[in-house]
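You will see two complexes here that share chain A, one where it goes with chain B and one where it goes with chain C.
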Partner chain A sequence: MQHSIDTGNGVITISLAEKLSFEDHDKFRELLTAFESKEYKNCSINLQQLSAIDSAGLGMLMIAFETAEKNGLSFQLLKPQGQVKRLLEISQFDKVMPINY
Partner chain B sequence: MPHPSDIKDGPTSNFSARERESIFSAKILVVDDSALIRELIGACLLSAGYSNIQYSQDGKEALNAVKKEVPDLIILDLEMPVMDGFEFCKALRSEPETRNVPILIQSGRDTAADITRAFEYGASDMVVKPIKKYEILARTKVHLENKLFVARLEAFHDRVASELEQARRLQLDICPTPAELNEYRQRLNLNIGWHYEPSSELGGDIGGIFPISENKVAFYIADFSGHGVAAALNTFRMQTWLASATHLYATPDKLLSKLNRFLHRNLASGSYATMMFFCLDLNKQELCYSAAGSQPPLIQDPEKSKEFQLASSHGMPLGLRANWDYTEIKIPFRENCKIMLYSDALVEVKTSDDTYLGDEGLRDEVNEIWTENLDPEEILKNLVTNFHRRLQDEEADDLTIIYLENRNKNVS
Partner chain C sequence: MVTENIELAETERTVKPIDASDTVDESNHSSEAEDLYSEDTSRDADMDDNEDLPVVEFVEDDTAPTDNLNFTETEPAAEPTETSDIVGESNDIPVAEELNSADALRDGDMDDNEDFRVVEFVEGDTFFEENDDEKPQPDRTYPPDAVEFLNRWLSLSDTQRKAMGIVMSEIELVQDLMETNIGEISEKFRELAIHSQNQSEQVSKLADAAQNVEYNGESIDLTYVIQTIDDHLTTMIGKIVETSKHGVEVVYALDDVTKDVQKVEGLISQIEGINKQTGLLALNARIEAARAGEAGKGFAVVAHEVQELARSVNTMAHTMRDEVGQVADGVRLGHKRIKEVANIDLSENILVKDTIQDLMKCIVDQNETYTQALRSSEEASKDITADIYGVITKLQFQDRAKQRLENITGTLQVMDQSMLTFAEDTEQIFKEDLEGMSHDKEWFKSVIQNLTLGEMRERFLAAVFPEETTAESSQNSSQTTSKSSDDDDDDDIELF
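Now for the complex of A and B:
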């Protein structure tokens, strides 16, 4: 997993690239600590450059959503592609969190 | 005489008394054509507490000694008559039993070319003459301790490997047995194919089939997120829960809702299981099911088409949300209707054009190899063979394929 973070105007966007998998668990949880900051009201995870996700990765996106919810931030997933998009659809994540295609 | 552990040049790391004993009783073979050097090295080792020292005066004699009993360390001279140290190293390294025995060279030959050659021939380490007691003892200690560390790691590895193998067998035990499947085939007039192979590292696949009555049968496929032992343990958790939920087998949506609550309470945050649970009613010739984000099943209804089609498996995976209502889907499942369930491993393999097979790829492959006169077991075998061919050297994930066909005549 590669990532970059953009912040400004109370918005934090984490952009993920390559693959989100089991091995990224600790690194991803570390990224989510940013949601605890009082500076942000909205958070997004941009998936445009993410080419693949495994079962553990899907679980991490749910954890991201729950972390945002707990900290009172609005949350959305942006531009999932290919296999990532298919897995989100099969798992009906759109019924829990906004997904902006 | 001091106890070996009191000697400062002896092994001092964190070893148990038994391990320390094994180091001091390790077999050390000293090979040198000079009796004086042999005695000198032997005296050094004895003074440090090593007790099992043997001597050879040339490479050939040493080879014979090694054949009788493989030593734990060889201290070797290079220049000797009959067979020199280089040839001895080469001979030792060509045999599997002695490939890893540490060889400590002690020699007066200290040019770069000599040193390079000695290591090329398989020496582990080198000290240059004249013999310095503390140097010889320090190197001896390092090599014998290393040997013990490797032995510890090997013992640990072997124990874990054997426990994983036992766990794999336990996972195989919770699958329906061939005898059970045969009984269901005859009793319910179904054609059933079942393939399950747990990964060598264990995994989270589980599947099952339970007759509910003479005309109703439930079956399911599930896969826990993550890998390895944790995912495998969760399959047992699910099996236990399902064994106590027989009253829900005929209502897959209610079963998934309750199982979801159970798993949400018990799984670590972010962990989940995908699942499809089916109940086939042979009186109504109807398949009722509920899905929680599994792989889309392949279904063939010969009254509609000769081709297998992908059906929806959309649904929130179990354990992610505290309360979730699952939908019940009912489809006609008349005579000769077929369904194939599979775990993600089957489609997450690369095909010859370097793209993933995917659900559509699998559907096309099944339609291509499917013929009415081919036994379903044969078709499953073909799919499994293709799977292993595509995996090549990669470690296989758990693989489950379940096939079921209704052979019961439609009552008009």
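Now for the complex of A and C:
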């Protein structure tokens, strides 16, 4: 997994690339620590460059959402593609969290 | 007599009989009669040959120009080219020829019955009326050839009546055949229609059933089945995601525990360090106490106690280190295991839902195709049923046919009666003249010859010539393939 972070105006956007899998759980947890910062009110995870995800990756996205919720941030997923999009649809993530296609 | 006949001639077109009675004179009576008979029989032999009739008529034109007959109506149909040879052979026209020629003139379309018509005309229109006039003079002698013809007419009338009787019974036979067979056919068609209707109902049931699935004794709609499967899959996938999430959470928690254990191990090391220093301090205190002598005796006891305490703390710290080490090992093992579990990729299992949905769609589509096929089959069965009922309705033409046949039979009966009356009257009037004359069978036999159905020919012969039946029938049955007695047999049709 590769990632980049954009911040500004109380908004933090984490962009993920390549594949999000269980191997990345440590790295992903570090990224989530940013949510605990009080300077953001809105957080997004951009999935446009993410080509694949496994079931643990789905679990981590869910943890990200819960972490944001716990810290009082609004949360959304952005532009899922291909297999990632299909898995989010089948797993009905849209019923849990907002997804902007 | 002559004048009367001329009048008739005017009303009935050309009338040869007048000519006949005129030409019959005493001198050549017998020879003419003989000629007449031979000519006539020879013509009977070849019924289909109509050529000789116009020929004769032409001859007559040649030979009797002085007759007081009106010949202006002579048929143009006469063919001069063919007449020449016959003209040469008989200048002496037989009466019979002339009689027949009358028919030739009258009847434009000659057919098989030519002879019959000739005779009938002669009898009915000329001789008979003539005889009515002659009634008061029974002593009068008639020309023998005229009587001969009269006799032939009577025998003809007789055979005709018999033949009519046969025709009527044949018609009845046809009626029976029609009634029986059409009844049977209608019945068969009715059964067919019922079967077709049953088929339509069965197919309809099948089409209804195709939409449903039997499950635990209940009929469940296929779309409901698919929805249920879909719901189960969604729930399962939700649980997969949930489990994955928990797996990651547990991993995170155990990561934290591992770090905490490391901290505890660090703390134990610190305790051990402090304890070591405490021990050293206690040792120094004892040394100083010994140096102080009696005054430091109490202090030496305290230093000893502190040393003991430090030793105890050291032992405890060791125990703690061991215990914490074991916990840390356990946590690390758990961490490793949960990582293995969380690492199992279930995304493929989630995507299976797509495959299952596709398969379900295939099943539904195929089911739809089958249902449509069954529905159209049901429609076809209904159409067939309707068509069959249409055929059954059409088959009721039998009633109309029966009525017509009854009309024909009625007509034939009237004809039969009139012929009987005519024959009786004639026989009564010409009783003496006809004495000793036999009936002519030739005509009827020639008619019979044209019957194609051997079996029917036998019935005709049996009715008309009861005495000859045995011989004829055996001959006929050897010539034809007919089954002589089985009237209702459908095989009859093949004989035509």
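Simple rule for what comes next: the second predicted complex is superposed on the first by the 101 of 101 C-alpha atoms of A that agree within 3 Å, B and C clash if a C-alpha of one lies under 4 Å from a C-alpha of the other, contacts with A are read in each partner's own complex, and residues count from 1 in each chain.
Criterion: a contact is a pair of C-beta atoms (placed from the backbone, for glycine too) under 8 Å apart; a residue touches a chain by one contact, two chains touch by 3 or more.
Computed from a prediction, not measured in an experiment: that's the story for all the values here.
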| item | value |
| --- | --- |
| Clash or fit, chain B versus chain C on superposed chain A | clash |
| Contacts of A:Glu69 with chain B and chain C, given as first, second, both or neither | neither |
| Chain C versus chain B, contacts on chain A by residue | C |
| First, second, both or neither for A:Ser55, with chain B first and chain C second | both |
| Which of chain B and chain C A:Phe22 touches, first, second, both or neither | both |
| Partner chain in contact with A:Gln92 - chain B first, chain C second, else both or neither | both |
| Part of chain B, among the options 37-45, 289-297 or 397-405, whose backbone runs into chain C after overlay | 289-297 |
| On chain A, positions contacted by chain B and by chain C | 22, 55-56, 58-60, 62-63, 83, 90-92 |
| Residue numbers on chain C that touch chain A, as the complex places them | 234, 237-238, 240-249, 251-252, 255, 339, 342-347, 349-351, 353-354 |
| Chain A residues within the chain C interface of the complex | 21-23, 25-26, 29, 53-60, 62-63, 83, 86-87, 90-93 |
| Of all residues in chain B, those that touch chain A in their complex | 223-227, 269-272, 274, 293-294, 296, 313-317, 320-321, 344, 356 |
| Contact set on chain A toward chain B in their complex | 22, 55-56, 58-60, 62-63, 66, 83, 89-92, 95-96 |
